[in-house]
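Both complexes shown next keep chain A, but they swap its partner, so chain B is in the first and chain C is in the second.
Take a look at the complex of A and B:
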């Protein structure tokens, strides 16, 4: 651990041996396609099949063909697998078609016409909040101290409203699944996914089968970013339903346009802040109102909302806090998991608001943050006592020094008077809770095994999925260190519910920290067994493993999640230890704004973070660079354009992600304070770096131009409008 | 791939005459394919018979004469980008070629294809308008020439009849000495479709604009040569006042807004005029 070990998955990927789901074919396989709603809300009147088409060659599945429950089970079980009488969002699956020729399957899809009685839809947070629009999916209240008292002590009360847009995950490999299914054999699916056991549970409900008759295999996965957390359950059910009816293997692969139009995106949000500030700049009261657009079905909105709510107050100490939040229903396609999971939305608001406060009271934005950082022993909004040392002041100093904050701000103050380019600097400071929220990890009860193999290796068994982030490598590094052997002696199984235990979903920055800890503990147990049996005497590690398998007929050591001692959480009052621990970061963006074209380019970026011990520096830097790049996309480029609930820019030529020419040099600085309950002292990292770029960049734009933009993405068109408002 | 490629016919003739026979029988010309392949992938390419032009070497190449430079319609952007002759004499075209698509597009996309696709945002178009290009159009009936600024007539409407192909583009030699600018404003730094672009060139004599050509991309239904703007500026003393912008008719779409396009078009002109002074 601590070394930039080469990636375990690299040789197969570089040489093309790695098998993605679209590389798989089975004899007699059919190709499946999905007929989707063309309206955002309506009642299905009639489904017409073009009589000129050979429908005999197709297999067609409708809602009534579902053997079990017509539901994609998750939190509320409100989302059907196939629409019945009504559709609640555009691109909602209505029926499924399979054909042995993939082009004919597509032709068939185009020859089905679904007629609707259109019903009025809800397409904005404001519309959803109107009294007649129905109850929200979920709401929370977090309260601490006495907000009214806090406002009485304030010299200033600063208010602000902030909005964030939807964002597409844009994994490089679109969603896809291959399925075989029959009442006798059960259901087996191979697919691109993050959470094999979520898919297993979903299929068990859809087919009315026990979970042991459902086998889910994760293929090599070309990126996930949360987009393959819940949606693979839907596409897996579709492929399996077609396979069930046709008695033939069925593969469904989305193309980019279908994937962007139909699958989940980051929840759009609106946050209102009202903050009391004392004469010395300390925060006396924070009142935060946070709303997410959940889309048409509940999916993961309650937990996305939960994380967004808990992170809404930022890494600041304040005795009087009230946070109210809700996820509302609209007729957009359901929004879902995306790296950060609600936190980038509420942190955008908090960190833009900190700059607004700094401007209002005439204090340097770095100094305002420094004065308000949480310290060891402080309590967060949920009443969690921060037990570890908080490195925020050190992170801030490092980020300011590396970005040459003072010097550049002085220089830009002079140079911004000339020419058509305005330069500026912006900060964001934040924390990110690692692992599931509240009692989530306790409910998951994740399990991992490490086995000795007949070939003389130690083999990690976990359902955690490699999707490009490097989990295979890091989990093997952890096991190798615990086993006291070299990395080459350790391998890791491809997740397959028939073979690996449920180590939980590959989400929430939990894999290295939570699953890694279980790997460490199971590997130590195997090592103890080898030591105690004396097998390592006079033998290499590999020989000892072989011998162990020979003597015992195989050997697996298991470990199951145990919460760190003293951790408490109250689900009803929403208070307590929201997370086992937090990672901390300060980011600084430097921007150049072109006043001819209103384009903002990020010219330099520093990300300083404390994530416990760094397990693999090359992979950790990769996570930071990728998260910052995705955060730049969220801030300046990536805009989902809806027309009455339908995504109209579903191609990569019109949904614009930043490319290398749009990205600055990104400097990563890691401060390492080992975390007692993480493997080798590690904490979570995956989501943290996407939390800060958007507010840091918009803060820098305001520093450069004076334009205070409160909504992302901020396109050049938006900045033009804002500049004109500023100069009026 | 949403199109069923087995339902398409592609023929790739070796000679121009055969290609013209196909085209005159309604086959859709396919040059580099960088626009048509996008439609094919999306299942939106309506024409089922495609005449591949890639083998027609007689439509390639850069010829330099004393008075004119002739570019074959199948000349790819990579060649325009790297050709010293183009860089020296047609610098705005060389700059546009360097910014169109990515390297893979530049290796495949052709100058003639960029014009015949008739996108208002076509990146080669403004430079050709500034250089007073003339198109040589061939058909089985013979050859005719059209000044490029008369070629586009409306959105995707052009002076190109059934059975005709653009064969060559003729440009005047010697414009390299004019002061010019090419500015592409797109949705990101590279590999992006233009939101507004400006090509302009002027000859300045004794503090006055003696000659000027101005063309914009993506602010009208087709690439726009701005005659009224030129007339207002011809003979003007430097620093020149901004000319009228009433020829521009930008629209709102999901790439940008009319307001932004018009404002940036003015800013680009202001920057260009300031560079002349």
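Take a look at the complex of A and C:
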């Protein structure tokens, strides 16, 4: 480990042979489509089928055809699989159609007209917070020390309000599922997904079948980023319902417009900060109010909110903290998981606010952060004692040096007087908790197995899904190291609930650290068995595995999650060790702002992070570069436009993600401090890099132009407005 | 719907006869008609580049080419490059540099990169960025793709 072993899946991917769900077909297969609501809130009055169409060639499924419960079960079980009498958001699934010709299926979809009695909807956080709107999905309060006392000790009290918009995951492979289903055989689905066992649980509820009768297989998955965490359960249920009724295989593949308009996005947010600052720049009190727009159904909002809340105070020491937060219900399509999971939203606010504080008190933004970084032995807002060495000061120095912070700022101070381009530099410092929050991992009780195969390999069995991040390769590397053998001797099963145990969902930067640790211990166990039985004497590893299988008729070693010793968490008081450990980072953005077009481009980017031991440097860099790219999109390009709760820019022509020419060189630096409880010393990495780019960039824009923009995405129009306000 | 029409194409060096609906796209003919699933559909509107192939020597966005227009043409898809046993130099560079993450943009990216590197020009990152402007990747941030293209491009005869 610690080497950039080539990806196991690379040869299939570069030759076009990797099989994504849309590459699969089965004999007699039908194509499924979804009729969706065209209004955000309303009562269904009537459904009209165009009489000129041959409806007998179609299979149609409505809510009353569902054999089990009409629900996509997750946290609150409030989201129907198909709308019954009412719809609560635009693009809510109302009816399903399948046809053997995909063009005809699409044409059938267009010939169904659903009539609604429209009802008033809620389309903003403000409207949702008004007294007459419903209760929030979830709220939290985190409290430490005495905030009033902290404000009394402050020389300055700095306030600010910050907002972030929705963001589309925009995996390049649209969502899709292929299903076969019958009462006798049960249900089998193949799909693009991150969490096969979530899909299994959802299908068991929808069909009223025991989980053993539901088989879920993950296909090669063309990016997920959280977008394929919960929504595939919905699509799988739809495809399987059509298959159940038609007794034929059914495939549903979303087109891009449907995928953008209907599936989940990053929760929009609003954060208010009030911070007390002592004469030396240290923080004496932090009062934070954080709100997420959850959309029309609960989905994952409580856990997204929880992560956003816990990260809202940034990586700073402060004795007096109060954080209040809530996820409110609106009539937007439900918001859901997206890389970072609430943290990029609250960290955007915290890191923009740090620059506001720096400006108010006249201190260099790097110095302000340096003075306030958490240190070993400090406690976070939830009362967690940081037991590890915190490398933030070193990360800051490396990031500043690498970006040539001092020198560039001096140069820009001179050159910014001339011409139409203004240049600036901005910092963001942050941490990201790895794995599930609080008692989450304990409840999941993930399991992994490593088996010896008759072909002489060790085979990892886990439900973790490869979706580009390199998990197949990293988990095999971890197993190979624990087994003391070559990477070629190790393989990994494609996630299939009929074959692999539930090692939890592929989310929360938990795969390398949490699942990897289980792989390590199961692999060590297999190694011990080989050693103790003397099979390795005079045999290669591969021969020993073959011999083991021959003698014992197969061999599997299992491992199950154990929390690191001493970890405590109180779910009711929301205090304790929110995460087993944190990864830490400092990022620096350099921008150029064109004063003619008001366009901002990021001209250089440095990301310095401490993620424990780096298991595979090339994959780790790939995660950082990809995460930073999405963070740049979040800051400057990616704007979801709603009209009364409907997404109106549901195409790649009008929802703009960064193209090759829009991105700067991204430089990643890793400081490695091995983490005692991670496999080979590793911590989580996947989400960390998307937390910082947006605040770093907007801080840099302020450095360049003086315009203090507090909302992302920041379009050229937003910048123009802000500049006009600054000059008034 | 009107009747299917028969098209005659040279695909990856072999003559292929295929039926298509008049309104279908070259992308449909390749994926459904000919079962060449390596060419991907990411957007269906010419924005993402996952569907690009070479048609009569030129890079085309196959989701925007009407099938009828492709009649009589010669097409190269990702399946026409090296197989897993004998990767072409661009495919090999993508493997070596870790330029494929989820792999969905990869076939289109490799086709576009090969078209860009024809003639063996050595390019700097800025000109590769410009040359690949029509190909989107959500996973990589493009850095490793640039490195791969640079490596393979420089190695071309």
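In the analysis below, the second predicted complex is superposed on the first by the 728 of 728 C-alpha atoms of A that agree within 3 Å, B and C clash if a C-alpha of one lies under 4 Å from a C-alpha of the other, contacts with A are read in each partner's own complex, and residues count from 1 in each chain.
Rule of thumb we're sticking to: contacts are C-beta pairs under 8 Å (C-beta built on N, C-alpha and C of every residue); 3 or more make two chains touch, one makes a residue touch a chain.
Given the structure is predicted, the values throughout are model-derived calculations rather than measurements.
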Touched partner set for A:420, first chain B, second chain C, both or neither: first
Touching partner for A:661 - first (chain B), second (chain C), both, neither: both
Which superposed partner A:653 touches (first chain B, second chain C, both, neither): both
A:342 touches, of chain B and chain C: first, second, both or neither? neither
First (chain B), second (chain C), both or neither touched by A:103: both
Partner, of chain C and chain B, that touches more residues belonging to chain A: C
Which superposed partner A:255 touches (first chain B, second chain C, both, neither): both
Partner chain in contact with A:716 - chain B first, chain C second, else both or neither: first
Touching partner for A:598 - first (chain B), second (chain C), both, neither: first
Partner chain in contact with A:641 - chain B first, chain C second, else both or neither: first
Doubly contacted residues of chain A, that is, touched by chain B and again by chain C: 103-104, 255, 651, 653, 659-661
Residues on chain C engaged by chain A in the complex (per definition of touch): 1, 21, 23, 37-45, 47-48, 50, 77-79, 81-84, 87, 91-92, 94-98, 100-107, 110, 125, 128-130, 132-133, 135-146
Interface residues, chain B side, partner chain A - complex: 1-7, 38, 41-43, 185, 187-193, 254-257, 259-260, 263-264, 267-268, 270-271
Contact footprint of chain B on chain A as seen in their complex: 103-104, 106-107, 110, 255, 257, 420, 595-599, 601, 637, 641, 648-649, 651, 653-654, 656, 658-662, 716-717, 720
Touching residues on chain A, where the partner in the complex is chain C: 4, 6-7, 9-20, 22-23, 103-104, 169-174, 220-223, 225, 255-256, 467-470, 618-619, 621-622, 624-630, 651-653, 657, 659-661, 663, 665-666
